[in-house]
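Below, chain A partners chain B and then partners chain C, in two separate complexes.
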Partner chain A sequence: MAGFPVERIAFDLAAAAAVLFASVMVVHKHPVKSVLALVVAFFGLAVCFVLLSAPFLAAIQVIVYAGAILVLFLFVLMLLNVDVEARLPGDRRPLHVFLSSGALLLFAAALLSLLRREGASVPAGRYGPAGAEIAPLARLLFSDYLLPFEALSVLLLAALVGAFVLARREGP
Partner chain B sequence: MPLIGADVSIGILYVFAITSLSVYGIVLAGWSSNNKFSLMGGIRSSAQIISYELAMTTAGADVILNAGSFRLTEIIASQSGTWLGVIPRWNVIPQFIGFIVFFVSAFAETNRTPFDLPEADAELVAGYHTEYSAMKFAMFFMAEYINVIVASAMIVTLYFGGWTFPGFAPHGVFGAILSIVIFTVKALFFVWVFVWVRWTLPRFRYDQLMKLGWKVLLPLALLNLFWMAGLIAAKVL
Partner chain C sequence: MIGGIPLGDVLLASGALFLIGIAGALLRRNAITIFLSIEVMMNAANLALVGYGAALGTREGQIVVFFVIAIAAAEAAVGLAIFVSLFRHTESINVNEIHLLKW
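Then we have the complex of A and B:
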């Protein structure tokens, strides 16, 4: 990659936006705005996937998560018409501070170990325009990973049936 | 060689991905109006678009199966030529069911009559754009018509052979211009059909809309997928 590293800068910007909006999603008190922040975070992730030569993953990311699941979230939130998040009874602030700092420490440790193992940068030559790498992916999914793939689909079906059973009204 | 803006390797998936984001504009417009009619319009729109997206993508999968590629150029290339010298090899002929599913879903995805429940003025004043006027309203309407044009172009690309036409082989500048003309005429025909249907059919009821999407179009799309897979396995196509 000679000259001005446009792709590197775009990747860093997209990754930073994804992290930033993911944290906005966690921190924000308004559920609808949290969902919107998550949409932007997913979109940033999709840009990262494109720049890592995985346009298929990027498209699936946008179609499934940004285009379908989050729209459903938004649908439910709007139906319930929730406003600002309700406070739990009792002052749990010390507990929250304790738990979140613990989670932060854990995250920092995981990040550090990952960086030490993999090196701080993506190996050169991983960026750039993508070829048609969908066929190899499909071949892997339907040969080596056939069993996990099918098991996952059964798991999703079980979740669907479970949701129906839980939501079914008792009585006549 | 016909003129191509960008030949993306995930072509059709890219189009599906970007169009699946279009629902946010309508939903957020309805929600932010802080008005129950607008909110109803936004909620209807999100439910409707998610439901019909399934049928639409499944119908699109048949075309991918036939072409063996996500690239729109290869999808069009797979439709060039003729059967028996007269019938064009357009996808609409072996996959007529898929075309019908895609076509009906396109109406629902673009919020056009008979599926314009999000703005049903008999029930919801004007739905999600009740509170918008002047240029803001115009942007909603222009977006709707852009959606119609994109949907028509996609129908032409996936089912009616794009810029190809039986007995026409594009070469040189003249061929390029002619292929643009062929594509535009085909796409404009479907834009015309969209307008024609709008002035012809009444609006559905909301439960009818949902029943049509889940109980008719989705099973039909799946049936068409099996039919196409069978045809390809039997090496008929």
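Then we have the complex of A and C:
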């Protein structure tokens, strides 16, 4: 690990980009631009996955998340013709804002204390280049995790039917 | 190869993403943006899982992330279908205007 920590810098850059665009997603008033910002954030996360020796998940992240799920969001947004988020009269009640920010601060504090402890105790990995191979992953998925995998296919079918039934126009 | 990447960085990024997701879910009023914030939280958990998996040298983390992504796809399909049918009823997806179950 001597010399310039290229991987660390690349990871930090990609993670910073992901965090930045995720916050753009939250802050932006226009939902379509929110979705587009999230696409960029998920690409950053895919880069993180590659650097953490999970190239299969990086591909899945790009294809399924950025490619399918977020495009589905875009389709629905354009179908519903959602405009910029309107501010209703009773929207920002002081109690609501107070409780929300209190919960956020509490969670941030808990997270920071946890990170300080966990980051120090868990050793940085010894995952060689061989760890990035996909074949062992597939073997694991189709042996030990075969039952969850098949259950997942049933779940996806159920979601397909459920989405069809829910979004169907009622009436004659 | 996590050789050069300390686990602390991974967890920090994951925690920051999760906080952003919580903030979005609590503060935004657009149902679809809230949904996107939930996706961000799931991705934060995914990042932590992959980071720990790489640090501990196991593949179980990646398997779990695989399942999470598939379940997120199912959840997005059903959730968006609910929003579509909700929009037909109320002409809005602002969660402050949706109070069918609120008495």
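By our rule, the second predicted complex is superposed on the first by the 136 of 172 C-alpha atoms of A that agree within 3 Å, B and C clash if a C-alpha of one lies under 4 Å from a C-alpha of the other, contacts with A are read in each partner's own complex, and residues count from 1 in each chain.
By our rule, a contact is a pair of C-beta atoms (placed from the backbone, for glycine too) under 8 Å apart; a residue touches a chain by one contact, two chains touch by 3 or more.
Please read these numbers as outputs of a predicted model, since none were measured by experiment.
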item: Of chain B and chain C, the chain that contacts the larger number of chain A residues; value: C
item: Partner chain(s) touched by A:79 [first = chain B, second = chain C, both, neither]; value: both
item: Partner chain in contact with A:67 - chain B first, chain C second, else both or neither; value: first
item: Partner chain in contact with A:146 - chain B first, chain C second, else both or neither; value: neither
item: Partner chain in contact with A:138 - chain B first, chain C second, else both or neither; value: neither
item: Which superposed partner A:8 touches (first chain B, second chain C, both, neither); value: second
item: Touched partner set for A:59, first chain B, second chain C, both or neither; value: first
item: Touching partner for A:25 - first (chain B), second (chain C), both, neither; value: second
item: Contacts of A:109 with chain B and chain C, given as first, second, both or neither; value: neither
item: Residues on chain A lying within both footprints (that of chain B and that of chain C); value: 56, 60, 68, 72, 79, 131-132
item: Of all residues in chain A, those that touch chain B in their complex; value: 32, 36, 39, 46, 55-56, 58-60, 62-63, 66-68, 71-72, 74-75, 78-79, 81, 130-132, 134
item: Sites on chain A touched by chain C in the complex; value: 1, 5-8, 11-12, 15-16, 18-19, 22-23, 25-26, 31, 34-35, 38, 41-42, 45, 48-49, 51-54, 56-57, 60-61, 64-65, 68-69, 72-73, 76-77, 79-80, 82, 85-86, 88, 90-91, 100, 103-104, 107-108, 111-112, 115, 118-120, 122-129, 131-132, 136-137, 140-141, 145, 148, 152, 155-156, 158-160, 162-167, 169
item: Complex interface listing, chain C residues touching chain A; value: 1-13, 15-24, 26-30, 32-33, 35-37, 39-40, 43, 46-47, 50-57, 59-60, 62-63, 65-67, 69-78, 80-85, 87-88, 93-94, 96-97
item: Of all residues in chain B, those that touch chain A in their complex; value: 8-10, 13-14, 16-18, 20-21, 23-24, 27-28, 30-31, 39, 42-43, 46-47, 49-50, 53, 57, 69-71
